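Structures are listed in the sections that come next.
Both complexes below contain chain A, partnered by chain B and then by chain C.
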Partner chain A sequence: MTPFVFATGRYQSGDWDAAPLVPANLIDSVARYTSIPVAPQGVVVDLASAALFDYPLVYCTGHLPFRLTAGEASTVRRYLTRGGMLFVDDHNHDVGGVFHATATEELSRLAGPLVDLPNTHPLYSCFFEFRDGPPATSHELNGWGDNLVHAHLQAALGPDGAISVLYSSKDYSSEWGYHPDAKRFQSVDNTRFGVNIVVYALTR
Partner chain B sequence: MRSRAEHLLRAAAALALGWAIWCGLRGVAATARSATRLGDDPSVLTPALHRWTASDPPASIDLRVASPPSAPTRAWLAAIAALGTVVTWGPASGDTLLATAIDVEPIADPRRAVRVGVAAPAGRTVMLRDVLGPLDSARATRRTGGVGFRVGGPLVVPEAVVGGTGREATRARGTGGDSLLLRPVLIIGRAGWEGKFVVRALTSIGWRVDARLAVAPRADVVIGSPAAIDTAHYAAVVMLDSAAGLSDAVRRYVQSGGGLIVRPAAQHDAGLPAVGAGPPQPGAPTLADSAPRRGLALTPIDTTDTAIVVLERRDRFAAVVARRVGAGREAIEGYSDTWRARMAAGDDGPRAHAEWWGRLVSAVAYAPVIVRATHDRGDPAPLAATIATLGPPTSPGPASDRGGGPALPWWLFGAIMIALGSEWASRRLRGAA
Partner chain C sequence: MVDVTAHERATTVRATLLAILVVQALLWGIAAAIVISAMLARPLGRVVALVVAAAVGSAIAARLVWRSRTVRALDRVALWIEEQSASSSYVWPTALDRRYAATLDESLPAVARAIAETDVAGMLRAAAARRLGAAIAAAVASLLVAWGLAHRPPPSIAARTAAAARGGASAASGGPPPSRLAPLTIRVTLPAYAAHAGAPDASRILTDPTVVVALVGSTVAVHGPGVGPGVRVTLVPRAASAAVAPAPASATPTDSAPARARSHQSEGPRAVPTAADDDGWRVVVAMPALPALLRLEDPAHERLVILQPIADAPPTVDLLAPARDTVLRMPDDGGARRSTWPTVSPADTMTLAARAADDIGLADGGFEVIVSSGEEGSGGVQARTVRVGSVTWAGSPRSADLGARLALSSLALAPGMVISVRAVARDGNTISGPGMGTSETRTWRVATRHEGDSLAIDAAPPPPLDTGALSQRAVVIATRALLRRIGRVPHPPRDTIVRAAGRLGDDERTLAERIDGVLNGPQSGDDDDRVAGNGSTLPPDEHRLLDTAAAALGDAARSLAIAEPAAALPRELRALTALDSARALVRRIYLRGQPPAIVIDVARVRLTGAEIPTSARTLPTLASDDAARLDRRLASAIAAWAALPATGPAGGFPLRATVIDSLTVLRLDALTTNDSAAAAIGDAVGALQAGRDAASALERARRAVHVTAAVDTSGRAWAAP
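And now, the complex of A and B:
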């Protein structure tokens, strides 16, 4: 069985590499909590590249405008149609920010409207149980960014009802952006929801 | 004494002449029911059948056809033959009657796909159609003795038309056929892209799927409502990789009639005798749209066991094989990560991936037949049915040769002439007038 490879999407606009520690942290969590074979190193994949199709789950983040070139948009559209899943996180945690405005527009254009994902969705129970929906981040609770605690993630659903684009305004990129060794200082591992995203992508 | 003999000869001649006259009169009467030859033009044949049913049929009917007569025409002619009419039939001059037969068999496919086999002479074009119109066509080959079609949905009055589209075409008509009871498919394996996309593939073509995908020790992601592994619950079980603890259940399931698809590495968990596998072979560098599985890594299956049937080859390697196990069937699939063909092999990748998995499941699935009660038995082999009903075809001959009135025997004329000549000569020799 080929191991799961965590892929970070590289796009030409903005700062795609704004959260370089997130991949290693999530890889560590997947290996720590599950028996899913996982590659120890993540990869970076261009959104316009045919290599995108080798990674059915791709994580994107950034602070700056998220605008896709024609080549990126074409490849991403085909990627989503064939069953790929994008997880896009707003590193600004600001619904008034440029990343949110541009990313939601681009993603809606490619995958259909983003709708609030109900907190009873299997995403929140496929491995760890999150009865209240997406866990809040410290940035939300501290009033930074848009000063909101977002009750829901947003998603575009494919024709079979599965998530094709998962969009977060909660800034998990900041929440999970630390060295995996630092997990031992936390009473509750805040990357557990990241494991749910990976497990959901691998099974639904 | 001589005079008495002359009287006897004269009486014999008179009797023979009387018999000849009786024969002649009977022939005239029979001429009213004379032999009839006609073709298969419905505008002529159908009114004639009506007429012969309502009044005396002819003594004989010779039907010359461009194609085997339809089932109603055959039955009608058989009924007329039962009344004493001699019915013969055969090809009209210059025509050849085509031996054709159709067989429609349901496939274990949720879209109610069917497999249609048509027997036809080599080189002839076979068109498959149903009441909604033409579906497909192909040329019959000598090797197969006909043509095989796979239709992805139900057929309403399927018909194979062989040898053109006019009256010379032979039409074999099947029935919609029986259907199959299809239970869900169970997918067992570890969480990963392969399991996810096999579930999607089978779901997209209509299969109901239960899945148990292991994420961690004692933690599975469950899709649907997995039940006990037996033929009452599942049409097929797909074991993508190890599924420890299920070997007894899977073995019992297959031996009692279930279908299993298993990867070489998972064979030991299936509880069945393992088939050997060779060293993994890399795929082509790129995944082509036209042959998406060429780009996949392959574990070749050992085919030395004569009970194994190869379902798919890649170059000299057996990629997918099947065998019977007890009352069930097992397919061993050697490709790795078939999801890559879905994702990377062109825009048709998802559909092709789903169809391929659907065929694999269909090949092994346990699917009890639901017999459909119908009076329509179709006309699956019209030429054979015509021969069975009316006898073998005959060559056309003069109509008067068959079934006319009784002819005057040639020897009767000779006997009359001999009797009269002898009587006359006797009288001349003895000088009587």
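And now, the complex of A and C:
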């Protein structure tokens, strides 16, 4: 079986590499909790590249404007139509920030309107159970950014109801941006939801 | 000419009649032989049935021919012709009389004319049609009967269903011979290790069960009525590895069960030898590790019994002491001054305590202490195992406590040593065990020389404006919510509004003070030089905007303090706009080095996570082959059940018995893959055997199977361009 490869999307605008530790951390969690074959190292893939189609899940983040070139938009649109899943996380954790404004606009244009994902969605129960929906991040609880604890994630749904674009304003990129070895200092592993995202992307 | 003609015609009629009678006799004999052969083929065997059928058929044919022997005489033929002709007046016997034969035309011209006008051919055709038609019909009917008998279900099924329908009565008179498979008496005896004094139902007797549920290795002794050879018993394993050798009938249950349960030689169905008993026959098998089918066959009957094993669970062990992992320090390692770790002294002991439990009975237990030292990079790791507190329990208790004290001096502790402790308990399973249970492992580590446990944690002051206070945007949201609440209630309670607005006013005042601190420096005179603003360092534009924000915040706080949130809201928004504008002017600089290239050692971390998935709902998954097959077979059985005529308990006989057998085998297959479906199918079998409606049970079975077999085809498949 071909192992799952965690892919980080690279786009021309903004700082696509704002959370370089997240891929390794999630790869580590997928290996820790599941028997899914997983590549030990992630890859970086250009959103305009046809290599995008090699990966079922692509993670994008950043602080700065998220604007896609024509080539990126075309490839991403085809990628989503053919069953790919894009996970976009606002590293600012700020609904008034530039990343949020630009990313939601771009993604709505590509994949349809972003709607609040109900907290009973299978995403929250496909591996670990999150009864209250998306887990809050320390940034939210500390009142940073927009000083809101976002109750829902947003998503663009495909014609069959499956998520094609998952958008987060919760700044998981900060929450999961640490070396995997530091998990031992946590009483509860906060990357569990990342495992759910990977499992959902592979089984939806 | 007439006399000659009359004689010749009579002779021809005789020959034809003889042929008709012989063919008729043969047809009847063949018909009888066919029916008898079909009836006796199954109970007596094909060859014997053919011989008997031929004999009976020949006898019938011979008897019929013998009955018609009088047709050889011409006068009888003449009388037969007279009987067939209503207009004749004894003309044929007269014509064949030797006294008139020579001069018939002259002496008896009327007779001669009557003879000439007789339609003998028509009479023969009618006789042939009458006699041969009936015989041919009988032969065809016998062929149909034989075909039906050859394609009927085994007579045992019919007899069993009829017996069930009539409360165990034997088959109707004229049916198959009485079954030696009913009533069945099954004695289930627990294996010796489980049959201790505290175990309930060490031996129990079941009457006519369809399922025998018992511990693995239990002795299952089946007893049936009737004597003589012919009863065959076959053990059909559910899975190839589940085969269990049968016990000789002479063996006693307790001494033979272990050996039988261990013997997994055969992979397919195996015959189990039967033995004659005082009042019947007897067969003994050991309960296999996996479900199996016991097929019992009498020459005229058949019966299925499911053997459903219960597995013996290994003991569970909880380590109560030591309660947690610990680091010790040797007294002379030079690090005691820097450490809070306890220092071990030669007189110290480690108290060990554990609690063990088992579903059947415990046999022995104790503690395993692994003492290891050294490192991989410097000469390797040496380890030795010490067992302490070993105890053997008498009477196979279901729970017991373990306890011991371990003198640390006996371990010759040295810096760097690791003491790993776990409790172990074994059950008394002599069939497939013993099952062993272990507790979690606790570790006491002896610190290395000069190893310290200090961890400096300096509490840092929170940065300004980032201390968790409500932001201005949140205050605006809360004020709007308060206004909505006021608008919804015709006469809102003033105290409530005053309190809510007052809290918001406090928040606004706090924010104003913080902005003032940014503009003019901290008021409390602390020594925090890292505060961002001390008035002189801010650019003029930012300073102006923050000044505007602080003023607006003050105005909003005053409005809120007098419970006028509507008046406060525009001021709050003005403050928010000023704050956002000021923030937009701030230049953010991200200083980040090259991100580290982290390669996860997947094999090392694989499934080491401490969190346990607790998902109650999972995504639909592809059905396994087993589940899909079970679904198809159950659908087929339900279709057969639905086609049964509803004519009472024995309705649909023997199709009902076929459905029962199908469901019984299906239940066996479901036992290892789908417990819910197996239970529902068992209910359906019980309902059918009792003549009740099985619809509800079958519906439950279908749902249980369908949950497993459901395939979500709506999901999009991953596809490359």
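As a working rule, the second predicted complex is superposed on the first by the 204 of 204 C-alpha atoms of A that agree within 3 Å, B and C clash if a C-alpha of one lies under 4 Å from a C-alpha of the other, contacts with A are read in each partner's own complex, and residues count from 1 in each chain.
Note that a residue touches a chain if its C-beta (ideal position, glycine included) is under 8 Å from a C-beta of that chain, and two chains touch if they have at least 3 such contacts.
Since the structure is predicted, the reported quantities are computational estimates derived from the model, not experimental observations.
**Student:** More residues of chain A are touched by which partner: chain B or chain C?
**Tutor:** C
**Student:** Is A:Phe4 touching the first partner chain B, the second partner chain C, both, or neither of them?
**Tutor:** A:Phe4 contacts chain B only, not chain C.
**Student:** Once the shared chain is lined up, is A:Gly83 touching chain B (first), chain C (second), both, or neither of them?
**Tutor:** A:Gly83 contacts both chain B and chain C.
**Student:** For A:Phe53 in the superposed arrangement: first (chain B), second (chain C), both or neither?
**Tutor:** It touches chain B and chain C both.
**Student:** Under the stated touch criterion, which partner chain does A:His179 make contact with: chain B (first), chain C (second), both, or neither?
**Tutor:** After superposition on chain A, A:His179 lies in contact with chain C alone.
**Student:** Touching A:Phe127 in the superposition: chain B (first), chain C (second), both, neither?
**Tutor:** both
**Student:** Touch test for A:Ile36: chain B only (first), chain C only (second), both, or neither?
**Tutor:** first
**Student:** After lining up the shared chain so the two structures overlap, which partner does A:Ile27 touch, if you call chain B first and chain C second: first, second, both or neither?
**Tutor:** second
**Student:** Could you look at A:Arg109 and tell me whether it touches chain B, chain C, both or neither (first, second, both, neither)?
**Tutor:** So A:Arg109 meets neither chain B nor chain C here.
**Student:** With the touch criterion stated at the top, can you tell me which chain A residues are shared between the chain B interface and the chain C interface?
**Tutor:** Residues common to the chain A contacts of chain C and of chain B are 33-35, 50, 53-54, 56, 78, 82-84, 126-127, 160, 162, 203-204, listed in rising order.
**Student:** In the complex, go through chain B and note every residue touching chain A.
**Tutor:** So the residues of chain B touching chain A come out as 190-197, 199-200, 203-204, 211, 213-217, 219, 221, 223, 241, 336-337, 339-340, 342-344, 347, 349-350.
**Student:** Would you tell me which residues of chain C are touching chain A in their complex?
**Tutor:** Contacts found on chain C: 466, 468-471, 473-474, 580, 590, 595-602, 605-611, 613-619, 621, 714-721.
**Student:** What residues on chain A touch chain C, complex-wise?
**Tutor:** 15, 17-18, 20-21, 24, 27-29, 31-35, 38, 40-41, 50, 53-54, 56, 63, 78, 82-84, 96, 122, 125-129, 142-144, 146-148, 158, 160-162, 179-180, 188-189, 192, 200, 203-204
**Student:** Which bits of chain A are touching chain B when the two form their complex?
**Tutor:** 1-2, 4, 33-37, 50, 53-54, 56, 78-79, 81-84, 126-127, 160, 162, 199, 201-204
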